[in-house]
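Handing you this structure, nothing more for now.
Chain lettering (A, B and C) follows the sequence in which the chains are written, and residue indices restart at 1 in each chain.
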């Protein structure tokens, strides 16, 4: 089943086509990689899907529903979640406080229940706390629970951001360059981590990445972009062999 | 016919006020372009210009061209020092800290100068260096004050044009407003560009201060607040960071203000300007001439 | 009830404070002037708490807080004078109404202007503050009672220590529970990074509006108390300098720190009024020369406030 379908998407910035007539789909349960040189329009594509930008043309469907004009804050409620290239954590909040709000957006208590501290309010708070602890434990951050996010190491921050994105209980997660600035060992760990969360949370994943060995290793299918356009889409083997891709992008890295 | 003449007359009066707003608005827009900061103290530099001119004329009876040169020089110095002392240490601080500092500098200048030992908070009569004469044409009457304001504003704008289009610093300044990275490739340090911006902006505000004093010869240490805010609104209206936008915005705001005073009531004039601000911010935040910005 | 049980400590502290102040007031150890200042400090704390919600917790910079304080003050002054209200029990609904009216105006203004960020929000709130000030200055043209630039005179004196302290304690408890709940957490997320807050599903527009409305309500309540404490209002009490007063208190007390705001209000009012007793008026004129310098220094050395604890 197609979980996400993008049709003829287009976005201009001052006459430059950042995303030009892109169409693709993602099957439920697959890992869909997106690669391409800097400025190819990958992040713009994510911003379009997650509603930060509105496209100039084209449609986006999620589970058959048109989500093109949905305000961005609604997407986590539909089941789409994302991370950012430059990790936008809530820096001076603690690790726990980074996770809790993502869980609590789906809580239903209102402000009066909060002020009068009703039983159902306390139950919901307790539930959210327990779920946050589980997530934090899964990502190995239990000891750092009360530390501010900005005090964590780079790798820990990356894990925290993934944890926060997963706290909204998504079915589709958009991951933007998780391996930026990591060494080969860390990349390897990251690949294992992504495979693990995919199984545990039964996710569909769309991932932008520059690190070839990471993306080739984890993706089921890969879309290659350049100058806002799709060059080709296929399995990692097909992409590695494709002439246009090698010319446009992969050449030096595969040697 | 009479109505049309009356309206035209108000347009001329509005342009007189608008020219001063335009001169101040340029400083706001250039500083915003470079630092992304609303320099709240800019209106006070304008006030300072009027006061310096007041002293040069009344205490030293200097010739008018020297008054202009020395006033511009003093304002430039003050603008330069404000940036170096108050803003530079905070360049990497949160944006709001910088803004609060700007408000602090503005309050400091106003209240320090309002002390009884210095200028006192009272109004002072600004000595006009010449007598007012009105030239009556068949439909319009134009005063020599207005003629002088238009000529000097025009000269200032021409010099500004040369500065920002023909000098290394000016070109670099425009490059910074446009894009931080390319500017650093031009061999001009960012500190130099920022100083240049403050110096040019403050000099123009100084000219504005003198012209304002000549046109409305009552000055006081708090006189910079409202023209300052209105000029900022002019800069927003024209598209913040856009130089010709600031000039157009200043003239439009000046005309609007005079029209409201003439046709409604002068009590509403500040209100209308703020309504313009709300309208611009809500419906066309990039202003009349601004480029669309969309970036995450 | 859990509402009181979980704030036992705070209630005890407030009770002790009440007893001490009451003894001071009744015994005459505190002169009527000092009594007034103590109540004034609590009122300022109430309004500053409102700004701390808007700015300290949610990060929405406002230079127009005094306008909402003024709206509360003029509303209460008008109602109490016109209806001849003179006792606490008929005053309480008036107080609530003042809060609601300020909050409602905050809500309506907030819908458009909270789309703006940082400095543009600052200039828009400053603009609103100026508009309100112009309105107060010309209010005698609407009805003569409001006084316009002559000031609003003859407002019944109703505010007293009992009422101010009870209302204050109540509001502090409510505010603390709000901050502890998911709403407080959402506000803090928005302050940290609005886009990231959106990405986890927070309706940032609604949450900002909620914080702004609540903050304006507190300012309105504070203003109402103020009107019925001093029995005289002047438009200049509600100009930008008053907004900056609130801002300084929030900054000194620490952004997003309720206790800090309370201490800072008391210190600030005590400091200013104390100086007024000690120093001759020529030196008092220096106040607005020193305050901005102080403000700039704080911005350079402790940009997050003096009393805020550093995150680990």
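Definition applied: contacts are C-beta pairs under 8 Å (C-beta built on N, C-alpha and C of every residue); 3 or more make two chains touch, one makes a residue touch a chain.
Just so you know, these numbers come straight off a predicted model, no measurement behind them.
Asks: Just by CA atoms, which chain is the most central one?
Replies: The chain sitting closest to the overall C-alpha centre is C.
Asks: Look at all chain centres (mean of CA atoms) and spot the one farthest from the centre of chain C.
Replies: Chain centre farthest from chain C's centre: A.
Asks: Would you kindly tell me how far, in whole Å, the mean C-alpha position of chain C lies from that of chain B?
Replies: Using C-alpha averages as centres, the distance is 34 Å.
Asks: State, to the nearest whole Å, the distance from the C-alpha centre of chain A to the C-alpha centre of chain C.
Replies: Centres of chain A and chain C (C-alpha means) sit 42 Å apart.
Asks: Could you grab the centroid distance between chain A and chain B? Build each centroid from C-alpha atoms only and quote it in angstrom.
Replies: Comparing mean C-alpha positions, chain B is 47 Å from chain A.
Asks: Where in chain C do residues touch two or more other chains at once?
Replies: Counting only residues that touch two or more other chains, chain C contributes 195.
Asks: For chain B, what residues touch not just one other chain but two or more?
Replies: Expected reply: 296.
Asks: By the touch rule stated above, which residues of chain A touch at least two different other chains?
Replies: Residues 52 of chain A touch two or more partner chains.
Asks: Contact residues on chain A for chain C in the complex?
Replies: Chain A residues touching chain C: 50, 52, 72-77, 81-82, 84, 88-94, 97, 100-102, 104-107, 109, 111, 114-118, 121, 125, 128, 146-148, 150-151, 164-165, 167-168.
Asks: Of all residues in chain C, which touch chain A in the complex?
Replies: Interface residues on chain C, with respect to chain A: 1-3, 6, 174, 177-178, 180-183, 185-186, 188-189, 192-193, 195-204, 210, 311-312.
Asks: In their complex, what parts of chain B are in touch with chain C?
Replies: For this pair, the touching residues of chain B are 36-38, 86, 89-90, 93-101, 103-108, 110-112, 114-116, 229, 232-233, 236, 267, 270-271, 274, 277-278, 281-282, 285, 296.
Asks: For chain C, which residues count as touching chain B in their complex?
Replies: Touch residues, chain C against chain B: 59, 61, 63, 112-113, 115-116, 118-120, 122-124, 126-128, 130-131, 134, 137-138, 195, 241, 244, 247, 251, 282, 285-286, 288-289, 291-293, 295-296, 299-300, 303.
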